[in-house]
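Data first, discussion second: the structure below is written as structure tokens.
Lettered A, B, C, D and E in written order, each chain numbered from 1.
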């Protein structure tokens, strides 16, 4: 009997971190206590709780982390409800990695990068950001624009404060939608903030966030004159197999699970607007 | 008939009574007619058909069409008008947005009935009195018109047109129908025979949902079988239980509301006689609680949301005797 | 995922004798979500309850399963205990391992096995329980009594006596109802007016009672404790507050040919009238159908003679909106129409009268001044034939009513007796199917009619009455004598069946109170809640619920009042949280649920929903009023889409129990 | 080439079924299905089966794996039934082509082992068409119904069945059947194929190149308006392969199974976050774009359709790929 | 008929809270024996019983399903059992029509005072179901494999 790609492996949740009121980060290792598989930043994996269902999540930990995988999960449905109710030591099933991932070693190499994220959209970018931090010398300037509804909704806030913002050559620009008493940072929506920051149009932009944020950030970037082939984003559609077969996640002739989830804007321009 | 209907359709559009009309559109062949919305004289003149293969019950479409704004015209055959009224009773069709024109019907033919008669490669059909001359790839064949009728039309229960603003053709009447004969035949079998019969039929089900989606009564916002939290969610029949489950519950959910329009059986790609399930409920209701025809009366209370203090006990089922 | 604690009770040896409680708590400890499982001698004892509370606090339990006696016994106890420890009481489930397990199974093995399954089912259910909070609603401390007959008056008086304001809505210009038309009452033969009119006056004078005569209920909104009722005050064309009831106008009014409904049309009144001398309110009303002034604008006599200027021809119907906490239906009855009983020649001869008409003919205030005279020629009748069960106990129901009208036997006996007493020269025949006299002193009364007064009681039905030469030829069968009788009668009196007042059906619809097929209001429970309608906050008084005589009516009126007082004495109502809930996203708006709801708890609203591509859809969706819903669940099954679910007994919960049990 | 008098067909089936499960198309027109052969089962008089032959390689429901959950532990139980060889007799040329189309999806790396195992274990014996239906249009898609592929190609002419092995598997199968004689089939003249009403379908307007143009065509609205959103076209289609993966809790374990799904269903792409194909228009478009544009775009221009005509016969409202392609194609070449 | 001596059926009894559940309690209080194969699920009223629950029970391994409610006319909610009666009559008739043994389903009206009737009913029903043997016609094999 051959092993089928649809049959998952077992993994164990070793640590659960409550990031925001509705986001938890699960640390997952194989039953042998080791990292289950290698991956590229931006790739995803299927987590499941038998009897509840399977769902695809982007891997938020960096490939440079050799001990475990991490998934930041926003509570928004049946499977995520159950994942949020988990306790350390609980087993889940896992299969992956899936998707193309970001071209960290090719297109991104040597580039000045701008990361733009909103809300849970930071999850897939965190993997790239930490990868870039690890191989800092391979990349140029790095700016991270990250916004959320409120301070409490900023995912990985501590990590951002304690590590990212202290690193040389990395500028972190945080923003929240509305003013609040214990916040002395920027207030306003991400697209406007990106516009205000007026990045050099030669930089490579990596975006992830809610559709409305992507839409307006893009409009701003276009206005500023960014070429479309320098803008990357990662997409999410419903998928069951992650192998390009179950028929759900295609955009035109491309499958998000297989040919994505990372797309360059000029690639998306070639595809129907159905995502 | 077709010309009168087309003229009426054009009149409805051009007089401004309706912004669009629902009818039947010609296809590649003479029989593959598609329900369609027409918005211009040109479309109607070019594509509108009414003939012996316009079996589709357009009432189902009125659920959505009556909510799209503006008034929609619709051509309804007698049995379609029962669904039309039933759906109004259930507040699914908004009658104020519909201009219904009843069209009398001489019974609809079914291409599958022609194929079932062993006729292959059907290219065209000519009506010659009571028989049909069928042109095929393999020469001409003759067939009784009655044999080409769909099952529901062979046992037509009513030619009465209900609730329409106007009629094309004569108003008809309810008529005696042999539609419960097959049900009675099944009832006369032993349980073992019935079980074998239904296994044979229902095991063909591929759960394509054609029966459900075409059914005017099955117009739930969310079907229990599609709803993961209903406890009955079920996409494919994994085994005989799930085949039974789907069809029992579907029939139960439309019991007392099913007008016996016969669309479920017409569209089943696997030719399962689904109408025999619905008719069983109708027959039981008629026999146990008094005659009731869904859709016939705008005021009558549907039998499953009604009762009489002296209704028969459920034990009547057991007491029918073990071997009739 | 819940954190569930399982507590298995021994109930001394009641459970422990045939169920291995240790095995049960061990088995349940292995169920998903169970973080604690134990057993104890008496869970319901203070020590047992303390243990549960301690574990809730210590382990942060989110659900509790108690395997013990029937929930009917101690569910409330354990819920209360858990609530004290901070757990929502509806997160507690009881597995009944005593009444439904240990006490009926002798074999310990199978008993234990079953107890484990019952426990598993409870655990599976708790997993799906959600904390429920009993809602509260305020109570408007005013009652509405619809109908101002003896039932309504008595109910209003009793409520008012308890200190709550009551409005009586009466459609006629005066309260009093049918009883005002009755001459004497059985079995005591005291005068109806003598006992009723003081009550009418009491009602008028009671500060807590507000009589809205000549008014009708137009619309009812709201629910128990919070009804909003629209009342139409019909134009009376007389200012009720100014009118002194002197009656001058009623004497001067030139329109004299108005059939007098108080005397059932046996005589006439004026276009402006006071229904009868003791009317309350004693105020005149103008009958717009006959008033020349109102019809042609020419007359105005009454206005001229009125010394207080109470006449107001410009008066219009007035709509009044008032809030009530409780509503009492007291719409009473009326005799059925005799149209379908032409065999008794009612329409052919004025000498064929109904019993109520006979009451008027016997009444001192009636058209004949209390002397029994034939309506046709004003002569003294010598032979009277009383026919019972006219329209009562009719099979098939086409012509009459399937039920017994209950009062006819007694009032017929009364009529017969009074006739014989006043006019010993008369021959009185009574034709009956059965004589039914259950009631205090009833049978004695009937026997007196037969034995002392010589009334001829004949078992059998009258087949035909033919007016001929001033006589009424009565053909009847004497079943006991086995012969056909032919009687030449002077008068025939028909004991017409009673039926609910015609206004009851539309009212029931407004109140969402259910009715039976005869249009009598249905009681919430035929035995245990006979004066309540299934619709919370709506109560039943008098004959609108079923035929009854005066003492029964008064008794029910008092009972209804007691129920109203009980309701109004509360400041807030606590609602059962185990009520139906409709998922608007799934609701089809088909009304199936509404049709099966016995409480009228479901209403529909048109609501906007987001459609595809930024469109909005207007959809009709069901809404359950949790204050009215009693949680039976009829709607949940009537709903084909499954939009309707019942909290505390949800589809998922019951199916989880099924799964656990069938495992 | 081998031959067999039709009179010996039963014996032939019996011999085929002796070593393995044999499926033959049986039953009346409209309900014919590939049915496990048992003594007495006859070939259907119908041209083709109601459901396609894909069922035998990609069944409507199949169990993938079981899980047992105890406390925090999960156990994965793989209990796939051991693969057994089987033969399908009487596959038509169209259905046979569908296997190539499915192969490209399921056997692409990483291969779907459930499908692959069945493919490896199944031997396909095709049967040439002599009496096509008016709904047949395989010839327009470059399929020769008179000369079907398969491990073994079969023809019935007069009273004789002719069989030609095309693969090693095919030859091996024929080897085991002693009743077969050597023989050559006569040349058959079948002018009926030239008279098929749909033989001149021109789909040259489709394929990957004009994806955006087709996708954005305003014609979709009227094409999709009467679609009921049922799955009958997808389920009878030999090339539709969308599936769902679901878990069934038996009470003692979790069975993860795969079942057919349909892109026509409203909940197919429904997510808690939203619905990329919110109306039937998008779902309808997806199905036909997939067959006419997306599949050819990624598979060297090959259409995801074999012209079997099942959707023409089965659609409740008689909307089908021929009408869609005709309407869209017309627009392109006025 | 071959009767399997060792066959222990699974019987689900849905009981309305007000009459039949109390009737079952009374059977217990009076120590009236009936087989442990019967497991009771409490529902507020017989009208709460969705046909889906019955089918679900059969799917999960029940061999018989019985619904007990207040006597007609005595429903706590006045009309619930009337609706239940129609629904169950039609459902049972449909099951019978599909060839599923008609004795596997039953409705009995049991009042709170009828403890003895409850026990008798259960004894009789279990005996009937035992005689019928395992539910084969409405089974889901997935739920039976261990």
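Definition applied: contacts are C-beta pairs under 8 Å (C-beta built on N, C-alpha and C of every residue); 3 or more make two chains touch, one makes a residue touch a chain.
Not measured: the values here are computed from a predicted model.
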Larger contact count among B-C and A-D belongs to A-D
Per mean C-alpha coordinates, the chain lying farthest from chain B is A
In whole angstrom, the CA-centroid distance of chain A from chain D equals 39
Note: chain C sits from chain A at a C-alpha centroid distance in Å of 65
Chain-centre distance (mean CA atoms) for chain B and chain D, in whole Å, is 30
Distance in whole angstrom between the CA centres of chain C and chain E is 35
By the touch definition above, chain B meets two or more other chains at residues 224, 231-232, 238, 304-306
Multi-chain contacts in chain D, i.e. residues touching at least two other chains, fall at 69, 244, 246, 248-249, 251-252, 261
Going by residue number, chain E touches two or more other chains at 51-52, 56, 60-61, 73, 79, 83, 87, 142-143
Seen from chain C, its contact residues with chain B in the complex are 585-592, 595-596, 604, 617-620, 638, 640-643, 651-652, 655
Chain C contacts chain D in the complex at 30, 32, 612-613, 659-660, 662-663
In the complex, the residues of chain D that touch chain A are 64-65, 67, 69, 72-74, 76, 78, 80, 105-106, 108, 110-114, 116-117, 208, 211-212, 215-216, 241-247, 249, 254, 256, 258, 261, 263, 268-274, 276-277, 282, 286, 289-290, 293-295, 297-298
The chain B residues in contact with chain E across the complex are 183, 186-187, 191-199, 224, 231-232, 238-239, 241-242, 244-245, 248-249, 251-252, 255, 277, 280-281, 284-285, 288-289, 303-309, 311-318, 320
Contacts from chain B onto chain C in the complex sit at residues 67, 90-92, 219-224, 227, 229-232, 253-254, 301-302, 304-306
